[in-house]
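Next, two complexes with subunit A in common: one pairs it with subunit B, the other with subunit C.
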Partner chain A sequence: MAPVFLKSITKAYGAFEAIHDIDLEIEDGAFVVLVGPSGCGKSTLLRMIAGLETISRGEVLIDGEVMNDVPPKHRDIAMVFQNYALYPHMTVAENMGFALRLAKVPAAEAAEKIRTSAAVLGLTDLLDRYPRQLSGGQRQRVAMGRAIVRNPKVFLFDEPLSNLDAALRMQMRVEIAELHQKLGTTMIYVTHDQVEAMTLATKIAVVNKGRLEQVASPVRLYERPQNLFVARFIGSPQMNILPARAADGGGAARLLDGSRIALPWPLPLGEDGELSVGIRPEALLIADDGALGGRVTLAEHLGGLTLVHIALTDGAPVVLQAVGAPTVAVGDLVRLRVDPAGLHLFDPDGRRIAKPGES
Partner chain B sequence: MPSSWRAQLLITRIALYLASALIVVWSVAPFLWQLSTSFQEDRLLSSPTPSFLPWPGTLEHFRNIFVEKEFHLYIVNSAIVAGLTTLFCLAIGAAAAFALARLRVYYHFGILALILSVSMFPQIAIVAPLYLAASALGLMNTYTILVLIYLSLGLPLVIWVLFGYFQTIPREIDEAAIIDGAGPLRLMVSIILPMSLPGFVTTGLLAFIMAWNEFMFALAFTSGVERQTIPVGIANFTNLYYVPWGDLAAASVVVTLPLVLLVLAFQRWIIQGLTQGAVKE
Partner chain C sequence: MTALPSAGLAAGSRRSKRLGRRSRAERWAPLLFLLPAVVTLATVSVYPVLDGMRLSLRNTMLSTQEDEFVGLANYLRLTGDPQFWSAWQHTMLFTAASTLLETLLGMAMAVVLYETFRGRGWVRAAMLVPWAIPTVVTSKMFGWLFDGQHGVVNWLLMQAGLIDGYVNWYGDSRTALLTIIIADVWKTTPFMALLLLAGLQTVPHSLVEAARIDGAGPWQSFWSIRLPLLFTTLLIAGMFRALDAFRIFDLVYVLTGGGPADSTEVLSTLSYKVLFSGLDFGYGSALSAAMFITEAVIALGFGLFIVRRMRRDNG
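And then the complex of A and B:
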């Protein structure tokens, strides 16, 4: 167990910078998820912590020690790869014991460690099998077993669930969360799936184009996205973003179709100042006295929830998430009210306009 | 017309079988003819109407080559030369291919092209200079010179094939091993090589066959039965006045057998799917 610090980490390939000056503090025992669209640099960042990529500038500290020039095997880390990367010619037990063998751990002690780790992951009956004889979920579990058997200071996960089907992914997600609770070890986890990030993390770092957009707990990230990128990236279905202008002396936002959303707090903008209005799908409510109007274009029934797709009067699409199954049909004209709790405002540069009381 | 596609299917199938049969006849017939020849008496071999079947049969040619022409000595020489060539080809080739495929080697494609270009030299052009070099070094009529030459002939192929094979192994396997604490040597011996066994068997066989069959260099650099290899030995059978077709056929059958046995023995290693289960494809 150990804290990890990234200090002004930069990764440059010649003149091109893939990672720009990232600072990140990962507390001992935290579960930090690096999330972002593909190609944003999150995997590169993880591989720099692992020692698989060189660090162009800045420092990586694990347990207080600068690791920049320390080879991976001396960093006391373990990594789980997206494609498992098991050794196909070794049994499960041999896969798990490879690191111990290289570290010259006595055979009896190694066997004991393999046994206990296998028990944690439910692999006890599979120890003599070869990877080709295992299912996808079992293989991923072996990859995790190979990591925990070494009792490292930090676990690194590189999109470990991306190759699994949806049902298995949910199950393994739960298992990883339980593993973290059981071991209490610092974990750094890379994914492009914001649902994985929200459900697993104690802290999420949203990465975009090699920069950190925001670092916060899942709830805070959802409730206070610092900019439009985070607002769009976190939350499913996506937040509705509508361009607007300030009206009524800052007391309301006027959308392009002319409708006005009254704001419970005054805008720090002049009359007609540009802004973006973000509305969470669950903050849109069907109500006869609603400020917005539109026509239903599609209703997706998910069982407990329904996603209603609506075109506003100027054609702008929005998605509404309702509990249960509201009685709307395609083509219906509806009025929409906005719940201020799910209302977010952003200035023309995409930065959050803070609500009163927010720091 | 529901039957027309059935007729077409039948025609396709017949054509396929005919083509397969043609290929089998094309490749096996010469060998069968040779086999038949090796069991026929000289009298029949030179008769105006040759027979395909060795009847009446004789083992006289086999007796001739082993008892009178000491053919077993050539076989021993060939086995030593081809065996050593294969061993060194695989050891050096694996190390080179591993370094080129997996370590941070600058200009590795340039190096690969250079290696390939070496094998493009017309062999006849290097016989004379090599002959001078070998005699200056006192290596004439030794196993050493043959193994050295075959090594340089075989290595480009071995390196290229193994390089291609290593490249198919996912990088994450290396990275997992590196994090597990493996250095380059351990990575090669414990991970990459075991995963590449089919590539090894294939290239090993190719190197062995190349050294087993090579004639020109063997003829130029060896001068007695104590070092000459099989192809040179067989060439020695023929003299100015007489071509012993039966003996030639018998010798050819004897030397083809080890190759066939080798391929059969290693067949189970020349299989697909050894890497199955390592990663998600």
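And then the complex of A and C:
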């Protein structure tokens, strides 16, 4: 167990900078998820913490020690790779015991550790099998077993679930969360899937083009996205983003189709100042006195929830998420009201315009 | 009640006749496609081997026009012929030494060439030069390099203080085979290295990274991860190399001609001499048959090992 600090980390591949000057503080025992679109530099960042990539500038500290020039084997970390990277010529037990063998742990002690770790992950019956004799989910488990058997200071996961089918992914997600609760070890987890990030993390770091967009708890990230990127990235279905201008002396936002959304707090913008209005799908409500109007283009019934796709009067598409099954049909004209709790405003540079009371 | 099943039977047999016709064509088509390859192999490979076997049972001699069936007489002569057994030993020694050295050195070169460094592409390309040079040229080159009086190797070793007097490398029966082995290693190691490099590249890099995180240093990750995963490739490359080395001819023929005092005589050069200098086709064919059998045994040994290994890896 150990805290991890990244201090102004930069990674350059030749002239190309994959990571720009990232600072991140990971507390002891935290479950931090690095999330972002493909190619944004998540793996590079994780691999720098692991010691598989050199650090171009800045420092990585694990448990208070600078790790820049420390080889991976002396960092006391374990990593689970996306393709699992199991040694194909070793049995499950040998895979799990490889690190112990290298560390010259006595055979009896190693066998005991392998047995207990295998029990935690339900691998006891598979110990004599080779990786090729396992299903995808079992391989994934072995990869985790190989990590936990060493009892490292920090666990690193690089998209460990993305090769699994949806049902298995959900199940393993729960198991990883339980594992974290049981072990209490610092975990750094990379994924491009924001649902995984939201469900697993104690803290999420949103990465975009080699920069940190925002670091916060899942709830905080959802409730106060600091910029348009985070607003769009976090939440499913996506937040509706509509261009608008300030109106009524900052008391309302006027959309392109002319409709006005009254704001419960005054905008710090001059008349006609540009802004973006973000509305969470669940903050759009069908109501006869609603400020917005549009036509239903599609209704997706998900069981407990329904997603209603609506084209506003100027054609801009929005998605509304309703509980249950509202009685709307394709082609219906509807009025929409906006719940201020799910309303977010962004300036022309995409930065959040703080609501009163927000720090 | 009784008419119905028989009508069904008749219809069934009609259908099976139609099916039979089609499946006959389906059965012949693959054989037809195989025919060109079979004919080619039969004429250039199987027929010569069988004809060689036939000749080995006769006393065919071009100089005396003898040509009679003599049974196993040639083979009996072979078992008691010290020239044959010394050539057989030289060939086996050369095969074992060159295959082993080339595999070990080739592996080392492959591991180095796998790493990224400036100019790696050029080095990889340049490596193939020794292999691309015609063997006759290599032989002449080594002839000059290892010359007993004017050779640069002697001079260099003398300067380095490793020898007291000039060594008559391939002119001395004690060092001649060694010289030939050195020349062959120089020529063929790079090729081996490229084969093994291709093998190394099939080992996923993430395995090596996982091993690094598990605490393996470069040596440990080589011994525990890369080598075991490369072993089948290594065996296959070794087998090809061994079968090739066993047929060694040009290097010996040009550099020493089998001398001095038959100390570098190998089976190829011996059969060549018996066949085309002695014109003793019967005995020469028996020699060739002995070569063929030894090669078959080597191939079988490697083959069994490789198959067992593959079974284990994929079973």
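The working rule: the second predicted complex is superposed on the first by the 359 of 359 C-alpha atoms of A that agree within 3 Å, B and C clash if a C-alpha of one lies under 4 Å from a C-alpha of the other, contacts with A are read in each partner's own complex, and residues count from 1 in each chain.
In this text, contacts are C-beta pairs under 8 Å (C-beta built on N, C-alpha and C of every residue); 3 or more make two chains touch, one makes a residue touch a chain.
Bear in mind the structure is a predicted one, so any value in this text is a computation, not a measurement.
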item: Combined model on subunit A: subunit C and subunit B, fit or clash; value: clash
item: First, second, both or neither for A:I77, with subunit B first and subunit C second; value: both
item: Subunit B versus subunit C, judged by how many residues of subunit A each one touches; value: B
item: Partner chain in contact with A:A85 - subunit B first, subunit C second, else both or neither; value: both
item: Which of subunit B and subunit C A:V66 touches, first, second, both or neither; value: neither
item: Which superposed partner A:F98 touches (first subunit B, second subunit C, both, neither); value: both
item: Which superposed partner A:A107 touches (first subunit B, second subunit C, both, neither); value: neither
item: Touching partner for A:A325 - first (subunit B), second (subunit C), both, neither; value: neither
item: Touched partner set for A:L298, first subunit B, second subunit C, both or neither; value: neither
item: Footprint overlap on subunit A, where subunit B in one structure and subunit C in the other make contact; value: 50-52, 71-73, 77-79, 81, 83, 85-89, 98-99, 102-103, 132, 146, 150
item: Residues of subunit C defined as touching subunit A within the complex; value: 204, 206-207, 209-217, 220, 224-225, 228-229, 313-314
item: For the subunit A and subunit C complex, residues of the former touching the latter; value: 50-52, 71-73, 77-79, 81, 83, 85-89, 98-99, 102-103, 132, 146, 150
item: Partner subunit A, residues of subunit B touching it in the complex; value: 170, 172-173, 175-182, 186, 190-191, 194-195, 273-280
item: Parts of subunit A lying in touch with subunit B, wherever the complex brings them together; value: 50-52, 71-73, 77-79, 81-89, 98-99, 102-103, 130-134, 136, 139, 146, 150, 163
